[in-house]
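Below you'll find the structure, written out as structure tokens, and then a few comments.
All chains are identified by letter, namely A, B and C, in their written order; residue positions are counted from 1 within each chain.
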Amino acid sequence: MNLAMIWELAAQALQMLLVLALAPLVLGVTRKIKARLLRRIGPPTWQPYIDIWKLLHKEAVLAHNASWLYRVTPYLLFATTWVAAALVPTYAINLMFSWSADLIAIVALLATGRFALALAGMDVGTAFGGIGSSREMMIASLAEPAMLLVVFSVALIAGTTQLSTMASIFINGSVGLRVSLGLALFAFVFVAIAENARIPVDNPATHLELTMVHEAMVLEYSGRHLAMIEAAAALKLTLYFSLLACLFVPFGMATGDKNIDSVLIGLMTYLAKILVLAVLLPIGETSVAKMRVFRYPIFLGSAFAAAALAVFLLFVSRSL
Amino acid sequence: MPAFVGLWCVAALLGIAAAGVILGRWSWSWAPIYFASLVVSLAGLAAAFWHLWAGLPPETLSLPVGLPGVGSKFRLDALAAFFLLVANLGGAMASLYALGYGRHETSQLRVLPFYPAYLAGMNLVVLSDDAVSFLIAWEFMSLSSWALVVSNHRAPENIRAGYVYLLMASIGTLTLVLAFGVLAGVTGDYSFAAMRAQHPDAVAAGLVFLLVLAGAGSKAGLVPLHIWLPLAHPAAPSHVSALMSGVMTKIAIYGFIRIVFDLLGGPAWWWSLIVLGIGGATAVLGVLYALMQQDLKRLLAYSTVENIGIVFIGLGLGLAFRASNMAVPAALAITAALLHVFNHMLFKSLLFFGAGAVVTATGERNMENLGGLIHRLPRTAVAFLIGCAAVSALPPLNGFVSEWLTFQAILIGPELPQWGLRFIIPAVGAMLALSAALAAACFVKAYGIAFLGRPRSPAAEAARETDVFSLAAMFILAALCFAAGILPGAAIDFIAPVVQGLAGARLPVQIGQAWTSIVPIASSRSSYNGLVILSFLLASGVITALVVHRFATRATRRSDIWDCGYPDATPAAQYSGSSFAMPIRRVFGTTMFHVRETIDMPRPGETRAGHFHVKVTDPAWRWFYGPAARAVLRASAALNWLQFLTIRRYLTLVFATLVLLLMVVAAWR
Amino acid sequence: MHNINFDVAHLLAGSILALSFVLLYQHRITSMLNVFALQAIALSLSVAWQAYIQEAPHLLVTAGIALAVKGIVIPTALHRIVRRLGIHRQIEEVIGAGPTMLTGLGLVALSILLVLPAGQTVSLLAREDLAFALAVILLGLLTMITRHNAVTQIIGFMSLENGLVLAATGAKGMPLVVEISVAFSVLIAFSVFGIFVFRIRERFDTVDIGALDQFRGERRDQT
């Protein structure tokens, strides 16, 4: 184990811990800005950390017929989301394990987490869990194909599905401003909104059965299990922000060898990008209303059509 | 040497079938028959494995049985060895499962003789090297499985299933006979070696391709020739269903690959257009049909249709790349298709075994009457969960690896020169993505309704765990699913000789890549490492759990569910299967299936029950089979007068036909 | 390899195409008008960019007309009329958003299939622009076909015309584009107003404003 390898390992570990530490902050900033836009004062920005801390120390209340699947799922969901978030380049590319999962595998890892959560929603046998799981799988059946088509379009532009290679090609600037990238961005934003259960697809702050999707699946969870699920949701939001930054505005990431200067610049630019996105999200959320459930197919269908159009244009022409 | 072993296995299985006829009268006869089948299948598996592992050259054997003066030829090359491996592994697992499941069969004589015969037929199809023995083995396979489908003859829907199956199988065999006829050409030599040497012109090759697609495709389950599959597969006993879905569909794919890739020589590019279109449509329609089902086994049968579509997408891409002489991308596409063949056999057998365990334990096939089985059948639940996760293409299991490879092949699509292909491949990619997402939804429904929640009927409450043989078969398959997902490089290298023969190239050597990753084309392009991902997942999950338990709390309390203030909600208040699928049914079903939902609610004060009725129409029946059946009936009614002619008129008909044929011969000269 | 001018031109053309798709699945008349206004603004930006890279300042006039007439005047006027006639709450019965969008994708495929392989003498840039424009025209026709309401059909027609202007400005040397644009816009405006005049006439048997006042009480009950 020479010094270079230890340095690489430290860089990868730093990214894993960075996303974990940053995720509740992103959530906190989002909630604070949203409250301010609604002319409230809102909770403090570090409230999600306090919430998770509090929940971790509470007793977990389980239904009488909850099975082992119900108890394992929070940890499985947290593990898949954390591993996926740790594999998306944030401040530097070509980290030690970045080649083990490309973009398709990251999307599929998130699908694993969602599979487990949907099953856990059905485990207790209440109507709420069923509502959440069935609506979540409907949204997934529309959002995941759109996401995969977005992956295809960026992969066709960059000639690779590896995120690090993609980011380095986009940083070079040889790609230019392309129609298919614009369409892919449009589709990605819609899919990100749907997957993270934000308005206009789902309201993260509601508990009315007519309006819940994600919250309905996790309604029965409490204590440390709920803390894990909340942390996983925050990590997922951070993952999508990192993905947007890495694919569409990757400038500033440390390419090449990772000395202190480039790492610091990478960290600063990453934090700035995440904060900008965390401010833009609530601005978008407060300007539209939540959609009816059966309007989701149109919302996600237009994302699917835009991404399909992008892939199609890339198949037929090299410069589009 | 392995070919010899393979033929001896076939002979042994036929002997076991004969023994089954004799012993079938006694109720204990299932044990020796299935045990013998297990041993013979393991021998066949070892022979096929040895052939591939040692990289042996193809061997041929001629037997004097068969047509007089011609005999029959058998050959074991890499392609045959791979499919023999798939067939015998499936057969061995089904026999192991049946050692436990077989005791529940009411009349052993209806099942026992035909089961080894079925295994023998499937093995013989793969080993055949001339058209006659191929067709005989194909028909033998169909007929023995038909007998197994109608073995439970008391239920009228099983008889109907058998009838439709027999009809479609006959049509399939007819198209294959015609295809072999065209392939044999003027020489009339039906051996595969002679067919390989002949190079048919474009028209003849195209005709053979279409006929084989229809014949092998109907046995595999391509839309719209799939209608027999969801009727027949659930009707058979569960170990036979696993064989039919997991193995027989693969034998059909073997037939397609053998004729189109091997015997026909170089493909034309428009063949891939048709295969891709049909494959994509099959994938999406199969999983949408599966989502509409309440019967657990029928859901699994439709999911087979979806996976066959995925395999054909890979094969279509292989044809496209081969037609444009792009050997390495063709190798990637064919590797993806063959890996999916293997993976699907593994997890579909596992799922059918689990369904069989559920049916034996509860007596119910309808998911709406199940529930809470994770508490009653804990070990089956674990194995079935692994099967569901594998079929939904979730990392780090094996279903994801073959889908990932197919996606990588699709991403090479823009390098093809033909415009038609550049249009259809992105559409097929979108359809594949859609079917993957819908498959996850389908299996959340299947597992969630059957195993999770609260029991919806007394039968589900009283279920008991199944026996040790069934569990052993299920857990071996689950372990293989994990192994194929974590060490895909080994699998890719193992089937490299097969791919080399079909595509003319092979993928780069995978064993020896850093940390057991797979790198299909180049490491700068894409790579995947299941083992690293699994280790990361386990490490982060376990460490988090330990940290939380140690530093936070591990206190737990049991309590009632959240019931909104209305206590004692019955299990009927849970989501049922059709309610789970309702959003997807509304989104996709209204256009595809003309879904009509009618609700009949009693007015306040009425005490009668409410009704909810969902009507799903299968477009294949409406647009394809309905009109075809009506046309056939009309034609036969119109031609009925031919039954009542006088002798003189019949003689006139014979005379006229003879004169006509003689005129044709004269004109041909 | 990637000329920033052409990239921006493609981006703007692509956004017009994307907005045509968005126009396809709108359910309400007011949202259709808003999307159409956005499309007209995108068109004016595209024409202005073409004026810049082709160095043809007369195209700026076309851009200005598109912005003023189709981006501002016609949508605002239609908004007011729609609100006053009380049809702003009508929901369009469309033949299912899903099949409509799939047909739209198929039409884009068709237009690309027609234009892109055609002849190497025309530059790739011009072919791609033409493919986009043809797609916008076909999608405008599709919008017209899948609507029952006269106002929305006219919006479909005007978006079709946006596609025509896009095609015309993409090819160099079209001096009459300015005049043709003005003429078309005025024609559309008059036909729109004409239809409404007739509709008012048939509903109330008069277009006399004084007589309409008497019916105001009834109209409030009806809506």
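We adopt the following convention: a residue touches a chain if its C-beta (ideal position, glycine included) is under 8 Å from a C-beta of that chain, and two chains touch if they have at least 3 such contacts.
Quick caveat: nothing in here was measured; it's all calculated off a predicted structure.
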item	value
Smallest count of steps, each to a touching chain, taking chain A to chain C	1
More contacts between chains, A-B or B-C	A-B
Between chain A and chain B, centroid-to-centroid distance (C-alpha), Å	35
Intercentroid distance (Cα basis), chain C paired with chain B, Å	50
In chain A, residues with contacts to at least two other chains	297, 308, 312, 316
Junction residues of chain B - those touching two or more other chains	419, 423, 587
Where chain C touches two or more other chains, by residue	98, 109
Chain A partner contacts - residues on chain C that touch it in the complex	1-4, 6-8, 10-11, 13-15, 17-18, 21-22, 25, 97-98, 101, 104-105, 108-109, 112, 116, 124, 128
Chain A to chain C touching residues, read off their complex	174-180, 182-183, 186, 297-298, 301-302, 305-306, 308-309, 312-313, 316-317, 319-320
Footprint of chain A on chain B - complex, ascending	371-372, 374-375, 385, 389, 392-395, 400, 404, 407-408, 410-411, 413-414, 419, 422-423, 425-427, 429-430, 433-434, 436-438, 440-441, 444-445, 447-449, 452-454, 514-515, 517, 523-529, 532-533, 536-538, 540-541, 544-545, 548, 552-563, 569, 571, 573-575, 579-584, 586-587
Sites on chain B touched by chain C in the complex	419, 423, 587-588, 590-591
Sites on chain A touched by chain B in the complex	56-65, 67-69, 75-76, 78-80, 82-83, 86, 97, 99-102, 104-105, 108-109, 111-112, 114-115, 118-119, 122-131, 133-135, 137-138, 140-145, 148-149, 152, 155-156, 159-162, 165, 219-220, 223-224, 227-228, 293-294, 297, 304, 308, 311-312, 314-316, 318
